[in-house]
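Following this line, the structures themselves.
In the two complexes below, chain A is the common chain; its partner is chain B in one and chain C in the other.
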Partner chain A sequence: MYRNDTVLPFFGILFGVALWYMAYLDGEHIARLAGHTPEELSVGQLGLITFGIVFFLFGAIGYISAWLEGSELRPGKHEPPGGVVPMVVIFLLVLLLAGLSGLFVNAIVYGLTEGPVKPAFMGQLAAAILLVMTLLLVVFKKFFVPDEVLVEDEHSEVPW
Partner chain B sequence: MYRWLDERLSLSRLNKKFLRKAFPVHHSFFLGEITMFAFITLVLTGVFLSFNYEPSTRLIKHLGKEVPAAYASVLYIDSLPFGAVLRSVHHWSASIMIAAAFLHLLRILISGAYKKPREINWLLGLALLGLSVVTSFTGYSLPFDAFSVTATQIGYGIGASMPYMGEWISQLIFGGEYPTLHSIPRVYSLHVLWFPLLLAALIGAHMLVMLKQKHTQPAYAEKVAPGKILGVPMMPQQGFMMGVLFLLYLAVVFFIAGTWIAHPVEVFGPPTASTPAVKPDWYFIWIYGILQIIPGDLKVSLPFGAVMNSEFIGGVMIPGILGVVAVLLPFLDTRKTKLRYMELPTRHPVRTSVTFALLAFMLTTTLAGWKEEFGFSNGQLWAIIIISTLATYLVSYLIIISYWGRPPKGEAEEA
Partner chain C sequence: MNQNIERIEVYLDESNEPLQVLTSPPFKVTLDSSQIPDGPHTLRVVTTFKGGQTEEEIVEFEVDNLPSPFIDGIDDGQQVRGPVEFEIVTGDYAAPLARGGLSIIGAVLSALLVLGLVWFYFAFSPSAREIVVEKGAAPAAAAHEGAVAGDAAAGKELYAAQCASCHGQNAEGAFGPALAGAAIVGNAEQFNSIVKGGTGSGMPPFAQLSDKELADLRAYLGSLGGGEAAAPAAAGEVDPALMSEGEKIYLTSCASCHQPNGAGVATFPALAGNEKLADKDLVIDRTLNGKVPMPGFGDQLSDEQVAAVATYIRNSWGNAFGPVSPADVAAKR
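Right after this comes the complex of A and B.
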């Protein structure tokens, strides 16, 4: 609670992975008892994975925030470093994004004309596209967006 | 174009007044944003679902079998390209919204951010958490499959157990004694219109009050700019961070939702006369656990023939007591001066230990929800719940004061 460090985000990711693993073990246990692997998740698995997702997201954005914004803010304007390497990374990510998006559109058209496409494939493809977009935004923010830290009066006119 | 709009709408003034607002930077603030992005995802995926869902229980022919129209329309959604993924994203996002709101509430609790002047926002946050649970519960009944009908009946029974008005409230929500012909249209209207509108209004009020009162700041900000708000402007910096989090949220949720379809209705099948053995959704399991360990024949008679039965005591009264304590908290644990900086949990050992004890209580009552599967007796479960709750309080209190020491008297009272 003192500064924007990575201590709690580290435990967030650790908890997230541990909860997901607990859900996996729960599934294995249920499969052993049932004699087959059920097609649906139990309510226990749903709860564990849900908290796993939230802890993982909290940890991941905590690390990203510490990298992009620092652990303590310092008032003033800070110019971005820029550079050729991040530019090349952005170019490659845009190419990857275009390729994945094309594949996604193809999969939708295939689903409409030929027959159903497995939800796991569609979901993971959409996740890959969104992850590339996240990385694009992170790299762009880190290397090309000027930073500014404000010091504002407590009693402002916002919103009234 | 910008100049044309600026001359007419004074956009530069809007930019100066709102988009330059300083946002303090701390990872724990993202829990509230995860809750908000889950809500936005729910609205967006909900629009797609509402285009294809039929809120009716009339029987129709589907692949040679007579099934309720609502159930058949969910099968139709799942057959659309990407349809099953979007429905699964909707279900997962509902769960995530509740979990993230709960963790956000715990963060507010352990950092003392409910104190003066933020009492109103604490109450709005509690209302948001409660309404999120109710909205999610109403959505649970809509697929009208064997699992959802039985799980909704458990909730209906708990609601109807309230003395004097329970039956009336439950029948108002479900259009009669659940399940009737009117249940699905009534619940559908509440789920897609009235509850989301109310949630949006409460979220708007929550944001507005937060903008006026400002965030509590990380403690180091007092050293850097005492008495001021230290932060990054809403645009572009905070906007970029929100964009990163929203995209990351969607990436994780699409991956999980595609890999594990949250509620595969074709597995559960349409409702049948025989009741399948199901449990309510995970956020109700702790209440279900309490119901499992109190005697089923418990009854307290009230005036005018009303009765407090075990369903009411376990399902409404005990969670209700916790709710009342939460509502009263900012007025009981208060301070004279305005709270500007997040309090360190280690400087407030009692509050932090009580929070951990509350978590232990909820975890062990959740465990009681699997009483039959684990083969525990009621006595054993009561012992586990009471001992775990007290031991968690004691151990966390001792760890905090032995590692970080007791806070000075003045600090404990004021900061």
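Right after this comes the complex of A and C.
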């Protein structure tokens, strides 16, 4: 039967973290050699971080699937549990999303009128907005969207 | 609990025979849905109160014990020809939940192993240390290399065995250029790089020679002539004023591609240690007319300026190919 296994996602995340750790140690190494911490990432670090992100996303998708759908997909209609707590969580996340979006627009306007805003700040803000949106979707799907599972052949070795 | 309830009868579908009759609490009913067919059903609960009054409650529900088959390989309305293969798949509600996933201990051990290996590599691997040696200790190594004492006698033997066939018995030059007193002998880094890597045209690489042997060779060749100082004399006197004029033009017009130190970059060739510069006509031609992607400077520079810059590149950074005169340039225009 179709399974949302968490073994592969675990190793995906573990290897992702290991690659980031390598990039970090590589940076320490370079700093030791150069006598100071360079402002830019080295090409090697960029490569390690990129593959780290790929592995991490692979694992995160697996874990989210397992949480949303359970470790196994049983055929039939599945009614969502609903509940007050997820509703409150969604309300808070929407507030946070509105706040972050407002801050983002404000930062653009500030950048145009008062002077440049650090690109890293804008990037982190955009990333936070996307993360909050993702969390909203995930919580909404888990607690408020009914599901129907059909019996289907398992086509792939990858379990999600 | 209501004291007025006399009995409760539970009927399934249209049956007149009650499924169960309850007369005292708890009014609990167990219905085994696996004993009734899949599909819609009705549960009728008739409550009879003391005094004869009755109340009826009807609940509709659906039994789904058997999973519907799924046809894999042929779709609704699909056109087919010839033999068609399809599979009918069914799920199993009763299948036990597969136990999967890592135990906490397994997860922690794997994490420790993987992250520990990464740390171990950076902390102890000889190849990780090599990087430290290569990059961190480069200046010290270079200084040390310069300090390698060459043995002229050993160098002479080596020269006779490996070099004399091309560069002449006494390094006076033959098929290859003269090395006695050549400026390149004074430049250890360039000398070693040419000997070990070859020139790509004419001279083969001698990568098997050790640093000590290279130092021996340089000691021997250095003992033959005056080294760097003697080079211009060997190739013809170079006017210092012409060199300084040439340097100015070089830095303005040439250095952006060929680099201020003549090392070149990307597709722009190095001029330092470039043996093609020995060909005076080639240098003048390239300076005047260029060669894609290099532009020609014939209409920007006078004969004197071209001569100055040609002299400068032919006699800088260890090059010692002698001067170029304005008359040479005029002849090539």
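Criterion: the second predicted complex is superposed on the first by the 148 of 160 C-alpha atoms of A that agree within 3 Å, B and C clash if a C-alpha of one lies under 4 Å from a C-alpha of the other, contacts with A are read in each partner's own complex, and residues count from 1 in each chain.
In this text, a contact is a pair of C-beta atoms (placed from the backbone, for glycine too) under 8 Å apart; a residue touches a chain by one contact, two chains touch by 3 or more.
Since this is a predicted model, take the numbers as computed values, not measurements.
Of the two partner chains placed around the shared chain by superposition, neither chain B nor chain C is touched by A:A31.
Of the two partner chains placed by the overlay, only chain B lies in contact with A:I61; chain C stays clear of it. Contact with chain B, but none with chain C, is seen for A:L130 once the two complexes are overlaid on the shared chain. Contacts of A:V105 after superposition: neither chain B nor chain C is touched.
In the superposed pair of complexes, A:V85 makes contact with neither chain B nor chain C. Between chain B and chain C, it is B that contacts the larger number of residues in chain A.
Of the two partner chains placed by superposition, only chain C is touched by A:Y21; chain B is not. Of the two partner chains, both chain B and chain C are touched by A:L150.
Legend: residue contacts after superposition of the two complexes on their common chain; A:L95 is shown touching neither chain B nor chain C. In the superposition on the C-alpha atoms of chain A, the part of chain A touched by chain B in one complex and by chain C in the other spans residues 1, 3, 72, 74-75, 150-153.
Across the complex, chain A meets chain B through its residues 1-4, 8-9, 38-41, 43-44, 46-47, 49-51, 53-54, 56-58, 60-62, 64-66, 68-70, 72-75, 107-108, 110-112, 116-117, 119-124, 126-128, 130-131, 133-134, 137-138, 141, 145, 147-154, 156-160.
Only residues 17-18, 20-22, 24-28, 30-31, 34, 79-82, 84-85, 88, 92, 95-96, 98-100, 103, 111, 208, 211-212, 214, 218-221, 224-225, 227-233, 236-237, 240-241, 243-245, 247-264, 267-268, 279-283, 285, 340, 342-345, 366, 370 of chain B touch chain A when the two sit together in their complex.
Considering their complex, residues 1, 3, 5-7, 10-11, 14-15, 17-18, 21-22, 25-26, 28-29, 32-33, 71-72, 74-76, 150-153 of chain A touch chain C.
Put simply, chain C touches chain A in their complex at residues 64, 67-70, 72, 87, 89-93, 95, 97-98, 100-102, 107, 110-111, 114-115, 118-119, 122, 128, 131-132, 135-136.
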